[in-house]
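I am attaching a structure below and will ask some questions about it afterwards.
Just so it is clear, A, B, C and D label the chains in written order, and each chain counts residues from 1 on its own.
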Amino acid sequence: MVWIKVEKNDKRLLIDSITKKARWVRKETLKVHKIAQGTRIASSLSCVEIFSVLYYGKLLRHNPKDTKWDGRDRLIVSKGHGSICLYPILADMGYFNLDELARVCREGSFLGAIPDPIIPGYETVNGSLGHGIGVGCGIALALKRKGNERKVFVIMGDGELYEGAVWEAVMFAGQHKLDNLIVIIDNNKACMLGFCRDIIDIEPIGEKFAQFRWNALRIYGHNVETLYDTLKGLAEGKQDSGQDSSQDVKQDMGRDVGYDVGPNCPTVVVADTIKGKGVPALESDPISHIRNLSPDEIDKIMVTLP
Amino acid sequence: MVWIKVEKNDKRLLIDSITKKARWVRKETLKVHKIAQGTRIASSLSCVEIFSVLYYGKLLRHNPKDTKWDGRDRLIVSKGHGSICLYPILADMGYFNLDELARVCREGSFLGAIPDPIIPGYETVNGSLGHGIGVGCGIALALKRKGNERKVFVIMGDGELYEGAVWEAVMFAGQHKLDNLIVIIDNNKACMLGFCRDIIDIEPIGEKFAQFRWNALRIYGHNVETLYDTLKGLAEGKQDSGQDSSQDVKQDMGRDVGYDVGPNCPTVVVADTIKGKGVPALESDPISHIRNLSPDEIDKIMVTLP
Amino acid sequence: MNDNPAVNGNHAMNLEQKSMRDVFIDAIYERMKGNDKIFFVSADFGSPKLDRLRRDFSDRFLNVGIAEQNLLNVSTGLALEGFTVYAYAIAPFLTMRAYEQIRNNLSLMSHVRELNVNLIGVGAGLSYDVAGPTHHCLEDISILRNLPNMVLFSPSDWYLVQEFADYSLQVKAPKYLRFDGKPLRRIYGNGSGINSGINMKDGFTEIKKGSGICIVSTGFMTHRALEAAARLARQNLDVGVIDFYVLKPFNEESFRKVLGNYACVITIEEAFINKGGLDSIVACAVNGMDTHIKRKHMGFGDSYVFDMGSRDALHRLYGLDEDGIIKNILECVKDLA
Amino acid sequence: MNDNPAVNGNHAMNLEQKSMRDVFIDAIYERMKGNDKIFFVSADFGSPKLDRLRRDFSDRFLNVGIAEQNLLNVSTGLALEGFTVYAYAIAPFLTMRAYEQIRNNLSLMSHVRELNVNLIGVGAGLSYDVAGPTHHCLEDISILRNLPNMVLFSPSDWYLVQEFADYSLQVKAPKYLRFDGKPLRRIYGNGSGINSGINMKDGFTEIKKGSGICIVSTGFMTHRALEAAARLARQNLDVGVIDFYVLKPFNEESFRKVLGNYACVITIEEAFINKGGLDSIVACAVNGMDTHIKRKHMGFGDSYVFDMGSRDALHRLYGLDEDGIIKNILECVKDLA
C-alpha cells in the first residue's frame, strides 16, 4: 500500500520532490521514444506533470503488489496513446522492472506503442479514444453501490472530446450525480491533424460540462503545485478546492474559471497544457502529434532539460 | 412546384386552413394506427402541428412530382418511428395515392410501421435514431458548396438527443456555421421507457446547443401560429424571428427562451409538445410510447376530436 | 435424446407461446432477489415484465437512455467491479451501434479481465417484420462470431432461455443473447419437464434424428425446420433436425460426430448467407471430415428486405417458408440419388 | 495473363516500396483538380501527402475531428447531394466505431439512393503491429462483406490502388478500401507498365499458375504467398497464387473456373479464420462445384494478438510466415498423394 497521509508542513518538500520526479519522468519518456519510435511523444509529454502529481504526490491510492486491491482509486487512462510517460512511473512504483523500459515495442515485451491492460497498473483497454469516461461512469456507480469510497480518475485528451460516446457519458454522470468521478482533460489544444480550435473549437470546455451538471475547474497543467492543490482537494472529496486563481496559463484559450453547480456532481479538471512540453520543436508544431524525434534530436534535447 | 409566396393579409386564412388540416392529419394518423398497430401513435401525435405547418404553411419548398428537384428544401425525419402523421400529409400533397393509407404495414405496401426512404417524400433512412442531424450537416455543407440556397430541416425526438452521434453533429454544425440547417426538436418530454427528466434530464436543451454555437429558439409546438411565425422566419433566413414570447407552454420544463449567438449559426427550435397530443389516455401516460390504441378506443377518441 | 418433444411428437403440449425476453426477465428477477451483485441496464427499452424489476430493484436497474455506446461502457465498468450485468436493447442497435464498444471493452478486455456482461438483443432476424430493414437483424450472428471470448446464444424457444439464466451467471464471460422478438412455442422440456436434450457445452441438440439429410437451424428457423420435417415425415421422408443454440463456443467434435450420420446438410438461418453465420460453422465443421457431406445454405441473399408484410409473408417471398425448405430438401434427395 | 510480374519473374523491378494511402491521396489530388464534385473527409487522420490536398482544396477538404460516426454521416449527406466522397480514417475505428452508420446510411440507403462514398481504412490486419490489438484489424473483411451494396477492395500493392482511383469515381456505390498501413512493394504493372492482369470485375488475378495446389490470398498476405511460392518453385513444386482484391462483388463463375484447375486450395488472410472472411468466399465458391477441392484456411485463430513485436515476428509466432505457409502446403502435398 503506497498511499500515506501528507502533513501540511511537508508540502514544500513534497512539491519539490514531485517536480524532480516529473523531470526524471520527462527524460525517461524521451528515452523510451528514442528506442520505440512508434510511441506518441508529443502526446505523452503534455501529461507528465498530471501523472507525476497523482503518483508522486501520493494522491492516488494504489498498490503495485496488488493491482486488484479493492481499496485502490481507479485510474483510467483514456488517452492511452499519450500515456507513455506512465511507463517510467509505473516501473518506478514497482509495477514492473525498470529494465522493461529498454524493451518497449520489442519482441516479447508487454509494453507497446499503445498500452494494453496486460500492463500491470493499467485498468482498462485504452487505445481507442472515447471509451474511458463511459467505463469510468460504470465503475463509479458500482463503487457507490458497493459502499466503496474510492475515486475514479479518468485522463482524457481534448480532441477525444469530439467522440459522441464521451457526451453520452457526460450526460449520464451528471444525471447520476457521480461525485466520485474526476475527469482530467489534458487540454494541450491539439489533436492529430492540427490545433483543436481549427477543427472544432469546443472552448470553453468547462462551461459545456457545467451545462450537463458537472463541476468544472480550470488549471495550468504543468504547474505541479497547482495540480497538487487541485487534485488533493478532489481526492479528498472537496469539489471546489485548489482552484488555480493565479492563472499561470500560457496557451489558455478558454474563458471558464470554475463552476460549482452544486454538491454531488462529477468534476472535470481542464488542465491547460502544451503538447510536446519541454521540446521546443514540438511545442510550436500543430502536427507535433505525428512527429517522431530521431535519436539524435533526443540526445540534443536531453542536455537542455532541467 | 408547390411553394408559393404568401401575402401578409392572407395570414389569418392560412393559419385557419393549417389548423383545419392539422385536425384532419391527427384523425388520419389515428386511422392508420387503427389498421396498423405496429405504428407508434403517441410519438406521431406530438408532431402533427410541426409537419402540418411546414407543409400546409407552404414553408417547405418541395415538389411531389419531382422528389429529386434540386430547388427543394431537404426535410430529414430523424425520428422516423414518430412520423406516421406524415403519411396522410404526403398523400394529400400527391406523393402517393390516399388509398395507400389503408394499406400501411400490409403485404405489398411501401408504407411500414417505420418509414423507409422507398417512400416518396422521405429523404433518408430514419428508423435508427441519431443519424439525421449528422446527415443533415453533410447535406447543408454540400448545398453551401454548390451555391444552393435551400434549407435543411431535421425533425428529431428529445430522447434522441441522448445519442452521442447527435453531439458530434452539433459540434460540427456550430464550427462550420451551417446557417442553412434548422433542427426542430419535438420536445414531448418522453422517450420509450418514461419521462426524459427521469432518465437523463437534458433541459434546458437550447442552452446546450447555444454552448456549441447554435441559435436556439423555444416555442410551444402545438400552436400553429407560433410555429408558423417561427418557421417562416427561419425558412426566410431570419434566425431570431418568430420567437414565442407569449409562452403558451403547458409542460415546459425548460428555462431557455432564445439565444442569438451571432449570425451564420445553425438554429435549433425546441418545440414543447405533448406526447400523444389529443388522446387524454396517452397524454398522461409516461410510457405512452409503447401503448397501442385498440380500434375501439380509436373510434371513441375520434368523436371527441375537433 | 429420445425424451425430446419432436421425437416424442408431443407438439400439442407445447403450444403455449411466450416471449423470450419476458421469460428471461422473470428469471433474472428471481435471481436478483438473492444475489445483490446483479445489475440490469437498459438503453430505453422495456417490456411490461420489466416494470416490476425496475420498481423492486431500483438501485440495480439503470436506463442509460437511447445511448447504446454508453450502455456498453457503463456495463463494462459495472462488470469490472464484480457485478453480473444484463444489458438490454433492440438487437440491431445493441450489436451494431455499439460494435466497437463490444469489441474493445468486452471481447478484447476479457482477455485480461473477468467480465460477465450479458447483452440481451431483442429482435433477431425478421422479428420486427413491419418495422423495416433498420430494425431487421441479419448480421448479428456473423459479426458477433468474429469477436473472441464471447458466448453467442441463439435460442429457439423460451425453455432454453430459462435454462440459460443460471448458465449466464455461472459462465463469467461476455455473452450475446439473441432473442426473438415474437412469442414462440416451446420446443424443449415438454410435459414431463424433461430437458436432457439440452447441452449448453455441445451447443446444439439433434432434436429429430433422420437419415440421409439433416437440417441445421438456429433461433426461429428451428420451428420452421421442425414443421418441414414433420410434413416430410408424413411422406415417409426422414429428415434430421439439429437445433444450434450456443453458436460460440460449441463442441465441434460432437457436432462432427452427429453430422457424420448424414450425407447432406441444409442450414437455415435468418441471416445473410455465406457471410460468416451458421452456414460458416457448418462449412468449417464439414471441412476436414473424412466423409464428404453435401452442403446447402438457406438464408437471406445479399440484399436488405424492404418488402412489407408479416414475417410469414416475407419468408414465403424469400423462399424461407416450409415450402421453400421442403423444395430444397427434395432437391437434395434427387442429388443424393 | 503471362505479362504478370510473378510469371515473368521480374521481381527485381518491383522493389520500390510505397504506401497505399500516399499513392491514393496523390491520385485523388490529381482528380480533384479537374472535378469539383469530390470531397475528401478525414476523422483527424493524416499523412504528409494529405497536407497538399488540405491546402489546395481547402473548401473540399474536411476534418470532422475524432468522430467516426459523424465522418460517416457527413459523408452520406455530401454524397446525397452528388459529391463523390473519400472518407479517411484508421481501419478499425472507421469500420467498427461507425459500423451501424455504414450499415444504415451507406449499405441500406444505397438500395434507393446513389451514394459514392469511398471509405479509406488504413491499417489492415496487423499493419499497426506494435500499437496492439485495439489497432489491429482482423474483423473488417467479414463485417463489411455482410453489408449489401458495398464494394470491398483489399489491394495487395500500390499499383492496384492507383488503378482503383478511376474505378472509385466511376462505380457509384459505397466502398470500403482496405489499405495496408506499411509501404509495400509493387506486384502489378511491372517494368513495361503492363497491367492486363488486373481485372476489377473478376475481383482477382491468378498471378502465378501452379498445379495441384494454389494459394488464395488478399492484401499483404499475397506478398507472403508469392515468397512462399517462389521458395517452393526452387524445390520444383509449382504452387499457384491467386490474389483477391475486390472481395465484393466479384465474378464467382470466373473464380470457380480458375479453382477448377486445382485439387487443393489454401487461403491466407490477416483476419480471423472461419468467421466470414476470404476463407468463406472460397468455401462458398467450392461448394456446389463438381470437382471436390480440398480447403485449408490460414489466418488468426479466435484470439486477439497481445504479443509485442514487428509484423514479421507476429506472423512467425502465429505460423503465418513463409515457413508456416510452406508447412501447410507440404501437408497438402502429402494429403493429395
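Throughout what follows, a contact is a pair of C-beta atoms (placed from the backbone, for glycine too) under 8 Å apart; a residue touches a chain by one contact, two chains touch by 3 or more.
As the structure is a prediction and not an experimental result, all values here were calculated from the model.
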Chain B reached from chain A - shortest hop count over touching chains: 1
Over-half contact-pair match to B-C, picked out of the listed pairs B-D, A-D or A-C: A-D
Rounded Å distance between chain A and chain D, as computed from the means of their C-alpha atoms: 38
Intercentroid distance (Cα basis), chain C paired with chain A, Å: 43
Cα-centroid distance, chain C relative to chain D, in whole angstrom: 32
Numbers and ranges of chain C residues touching at least 2 other chains: 64-65, 67, 69-70, 92-93, 97, 100, 104, 108, 111-112, 133-134, 306
Touching two or more other chains - residue numbers and ranges from chain A: 116, 118, 125, 127-128, 162-165, 168, 171-172, 199-200
Category of the chain touch graph - line, ring, star, complete, other: complete
Residue numbers on chain B that touch chain D, as the complex places them: 116-118, 123-125, 127-128, 131, 133-143, 145-146, 164-165, 168-169, 171-172
Sites on chain C touched by chain A in the complex: 39, 59-60, 62, 64-65, 67, 69-70, 72-83, 100-101, 104-105, 108-109, 111-113
For the chain C and chain D complex, residues of the former touching the latter: 92-93, 96-97, 99-100, 103-104, 107-108, 111-112, 133-134, 138-139, 142-143, 145-149, 272, 274-277, 280-281, 283-284, 287, 292, 295, 297, 302-304, 306
Partner chain A, residues of chain B touching it in the complex: 162-168, 171-172, 174-175, 199-202, 207-208, 211-212
Chain D residues touching chain A - in the complex, by the definition given at the top: 42, 44-46, 63-67, 69-70, 92-93, 97, 130-135, 306-310, 313
